[in-house]
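Just below is one structure, and these are the notes that go with it.
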Amino acid sequence: MSISPVTIVCYLLGISAVVGLNAVILVWLERKVAGHMHFRYGPMEVGPHGLLQTLADGIKLLGKQFLVPDAADRPLFLLAPVVSLVPIFVAMVPLPLGETLQAWELNIGLLLVVALGLLNTLGILLAGWGSNNKYALLGGSRAVAQILAYKIPLLLCILTIIMMAGSYSLRQIALAQKDGWYILYQPLLFIIYIVTITLETNRSPFDFSEAESELVAGFHIEYSAMGFSLFFLAEYSYMFIAAALASILFLGGWQGPFLPGPVWSLLKLYGIIFLLMWFRWTFPRLRIDQMLHLGWKILLPLALVNFLVTAGVLAL
Amino acid sequence: MNSPLATALARIGIDYRPRVPAVGLRCSLHILPEQIRSLARSLAGEGFFIETVTAEDMPEQNRMDGIYLFNHYEGDMRLLVRVTVSRSRPHLPSIGRIFPGAVWHERETAEMFGITFDGCPDSRNLLLPEEATFHPLRKDFTGV
Amino acid sequence: MNGYRYLAGIVTGSVSLLKGMRVTFANMVSRPHTVQWPRQTAPLPARFRGHIRMLADEETGFPRCFACGSCARICPSACITVQGRKPGDRKKKVAVRFLLDFTKCSLCGLCVESCPARALAFSRDYALAGYRDTEFRTMDLLEGLASPFQF
Amino acid sequence: MFASFVHTVYTLAFATILLLVVGGALLAVTARNLIHCFFGLVGALLGVAGLYYNLGSPLLAVMQVMIYIGAVCVAIAFGLTLTRKQGEEGMRPLDIKAAIPVVLVVAMLSATLKSLAGREIVASARKIDESRIGWMLLGDYLLPFELISILLTVAVIGAVTIALINRRI
Amino acid sequence: MSAPPTYSLESTDNGNFLLNLGPQHPGTHGVLRVVLQMDGEYILAADPVLGYGHRMQEKIAENMTYLQALPYVCRMDYLGAMSYSLAWVCAVEKLCSFEVPERAVHVRVMACELNRIASHLLWWGAYLLDLGAFTPFLQAFADREQILDLLEYITGSRLTYCYFRFGGLAADVDDVFLRRVEDFVTGFRQRLPRYHDLVTGNVIFHHRSKDVGVILPFEAAGYGVTGPCLRGSGFAYDVRKCEPYSGYDRFEFAVPAEQEGDCLARYNVRMAEMEQSLAIIEQAVATIPDGPYRARVPRVIRPPAGEVAMAVETPRGELVIFMVSDGSTRPCRVKFRVPSFANLSIFARLARGQLLADALAILGSLDMVIPEVDR
């Protein structure tokens, strides 16, 4: 309990750096992946292979005017991007990216990350409601309907892992996979988990709350400049957290031969993020009721059966 | 020759006189405004579909022709129906309740030629602005 | 039976998704189709229709146009203005003014086809840019050509 | 010097949490806009989670966020997005009935303060093992635990019912 | 068959609200505006508002000579411009009884079918874009680009070709073109399975398009639905077969039709049509004769007085140009019966009671070109 404020400030700075850098890299990576899947190059002009394009875009966004619509609910409208972004800084605290690379070893780290992941939806709802725009409102209400469908299978996945590792601590869970990654024991669970994090991070084929072809831009339709980029930052940071969690829960975290721990961590993490991008640029979007069907009638029973079977095997 | 066209026309007592389809028309009729609804009903019953409703303005003769094109999904049975109305107060009965697709064509014809379609379920302008009252496809229209 | 169909549906569905992912992955590792303009340019076909330009007579270097006006008459969007004058020593007129309103031109090419003197051709300019619309509203096609009336 | 700085930071953090609880609660009961009320509630619950943390039980704090914000509030929000009829504007949240809880709360608070007067307050509970909580929940307190779980089910069913009442298609 | 939708701007009580979809919306493919009365995500009534791109094409055509109107006609449907040109030149040729040389007929058919494939490819990508998938759009573009290159090679233009002339073509094709067309046909045949792998078999796509937006056969007749939308509802009606024009009776091809009438049926019809178009192109390339590419026609077109209805199967369906000539150099009355107009008119009927996402999928599956609707 006795961490000095200086350390906290250092950690916050470090986490901010990770959040910012991650967003820059992911935006670039997303554009490149999308481009090459489309027989295009993606950004090529700013920097080698367009590496600095995101930075240029960020500077451009900084210079733009942040518009608040007259009809918007001003306090809610301003609060929404902040509500989306702030939990990330806390959720990154217990993530171990290496043997020693962890801001704070917390014995309930996993629960903290999962709990804070929920606040993203509140941010989206806030934005949807505060914008006073019908498309945004539809986007916000879709996000709320979505959370009910995926959260329970997600928690079941996590419960199964907790049961296997016997700890809530992310570090302990990773260490418990010293001899064999959980993905080898639980391939089905891994698939369910990947689907639920696709839902959690609002990415295609589940990007209902921003559904471009239906709701134009959904919940962030009225946001410009920094408001928009904060949402962007939040989206990519949630991806980072979800993928980090996946690599820790199923792929043994930082553990791997030859390479140092953080490198393994980032490799696994970005591998999973690439998988999410691959989904996005391949699949059409589901309909909202089909997503509910998927969540309640496919993911939930599978996760539950998997949970019970695992419990049975562990009890024997 | 027992084509749907002959059957449909026979039912309302119109002689079927096929034309050489060199001009893309199997048959061309000139009927009275009162007949159009019963003709449309008879054609709908035989499975004809509506191709278009339009008009032709002939200011020299001070008349205006409503033009209906019907066709059948079995193919090559295009029927042209002309209905002459007065140019000063053009009125035609609407077939929008028989062929729902005709409503848009009638709305377009109404705004372009100033023909009133009696009983059309929707009489707003279709392509022109809501408040437009001019009729651009009339021959004497030269611009707003 | 229902349970079987439920599971079979999940399996075949997943397989179909994997198939799609295989296609996109194959796309990703294949060569991009885009041409990185302006560093690279795509080849222009021989029949490329740019804005029209005036051809010069090989002997005199004067414009081939003798201002018959058939291009201006046939142009659907009325974007050609042409005037000619008869030099003292020749039988035919020579164009002294040939203006193209490129903002209205629809590049249909009817003028080129209709020209009895074969004086018009398509240019190969495609990346036109300017600071004012007047640059394209009155494009002078006689620019750079010799004229019998210049002293 | 440094210690006092640390103290100031902690005080400020605690003040923020208090502000969140009290402000959120006040917003939740006084706001005229339903969604403002909702986010007041969220703020108050978050603040309570902060209080739990300050009392030395991070597990409880996280559970507070997960269950109250993640489940209950989302269920409420779900209901909100489905029933946007009356009550967005023009609702009168404060009438005479509102005085009753105010009186009760004031009475309870004063009683608590009176009983605490003169004692030293130690903001640190004994460190508890999470697995013990688990065993307790599945052993001695199984029935209350299951009863509480019904709460969420009821919330979800309620939301669905509200949604179905007005569904015309 | 029911009356068109009625809505009133005031009826927003009971949780209903009006949603203004367009005129600038990524799902409407152009400047189409649809006023939707919504109950949450469900659409109670839809009212398309047209005319944002209205240019009075019919009046323009009536004020121009027959030749001058030709470039304008292409501008209505910029994705199937070849078919539009073909309809216009064929209508005039029918009025004047011009003969068209065999070589020109083959090239016309080739160009139109290439254009049809290009249009279907664009539709394929755009429809999947409506469903939220991005890659198909550019995958389709990669192949469409090759078709545009081919057409640009012979016409000099990539979108609004203005290539056909009364009595023939504007310019002849060479052997290079024919060889490139053959290469394209074989290449595209090989690439088609990738389209099916990526989309046709996809389970999400199936869920999104099956049993969505069903056009019943009797409704199709009532609204005059044409083209692939019609053939998805069980009618094998194709103008190329029913009233062969421009030598289509010389080529062997099937008219694919499906019974279900839903978005998936329309999708399957278009996919099958692309293969049929490939077959037609193949035959046209194989049998193209030598000879003139353009018949001698008078310089000034002055058709005899009369009327003609020229039907052409564009990528979107049956286009009828109804033309009345009074013997002068300009048409007296021109009516364009455009396929998108009829297909869009059924949208309000299909959208009622659907989810917003489905309504956009239906709109996409109807394959609209808004400038064609607005004219």
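Letters A, B, C, D and E mark the chains as written, and numbering starts fresh at 1 in each.
One rule holds in what follows: a contact is a pair of C-beta atoms (placed from the backbone, for glycine too) under 8 Å apart; a residue touches a chain by one contact, two chains touch by 3 or more.
Please read all numbers here as calculations on a predicted model, not as lab measurements.
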Chain whose average C-alpha position is farthest from chain C's own: D
Please find the two chains that have the most C-beta pairs touching each other. B-E
Comparing centres built from CA atoms, which chain ends up most distant from chain A? B
Of all the chains, which has the CA centre nearest the overall CA centre? E
Can you compute the centre-to-centre distance for chain D and chain E, using the mean CA position of each chain? Integer Å is fine. 59
Using mean CA coordinates as chain centres, what's the gap between chain A and chain D in Å? 26
CA centre of chain B versus CA centre of chain D: separation in Å? 69
Enumerate the residues of chain D that touch no fewer than two other chains. 82
Send over the residues of chain E in touch with two or more other chains. 40, 135, 139, 142, 198-199, 202, 204
Mark out which residues of chain A touch at least two other chains, giving numbers and ranges. 37-40, 141, 281-283
Under the definition above, what is the set of chain A residues touching chain C in their complex? 33, 35-41, 44, 278-279, 281-283, 298
So, in the complex, the side of chain B touching chain E is made of residues 21-25, 44, 47-52, 54, 56-57, 67, 69, 71, 73-76, 78, 80, 96-101, 103-104, 112, 121-122, 125-129, 136-137, 141
Sites on chain E touched by chain B in the complex: 1-4, 50-51, 54, 56, 58-59, 94-95, 219-225, 230, 235, 237, 241-243, 306-311, 318, 320, 322, 324, 332-333, 335, 337, 341-342, 345-346, 349, 374-375
Could you pull out which chain A residues touch chain E in their complex? 34, 37-40, 134-135, 138, 141-142, 204-205, 207, 211-216, 280-290
In the complex of these two chains, what residues of chain A are touching chain D? 1, 4-5, 73, 76, 79, 106-108, 111-112, 114-116, 118-119, 121-122, 125-126, 129, 137, 140-141, 144-145, 147-148, 151, 168
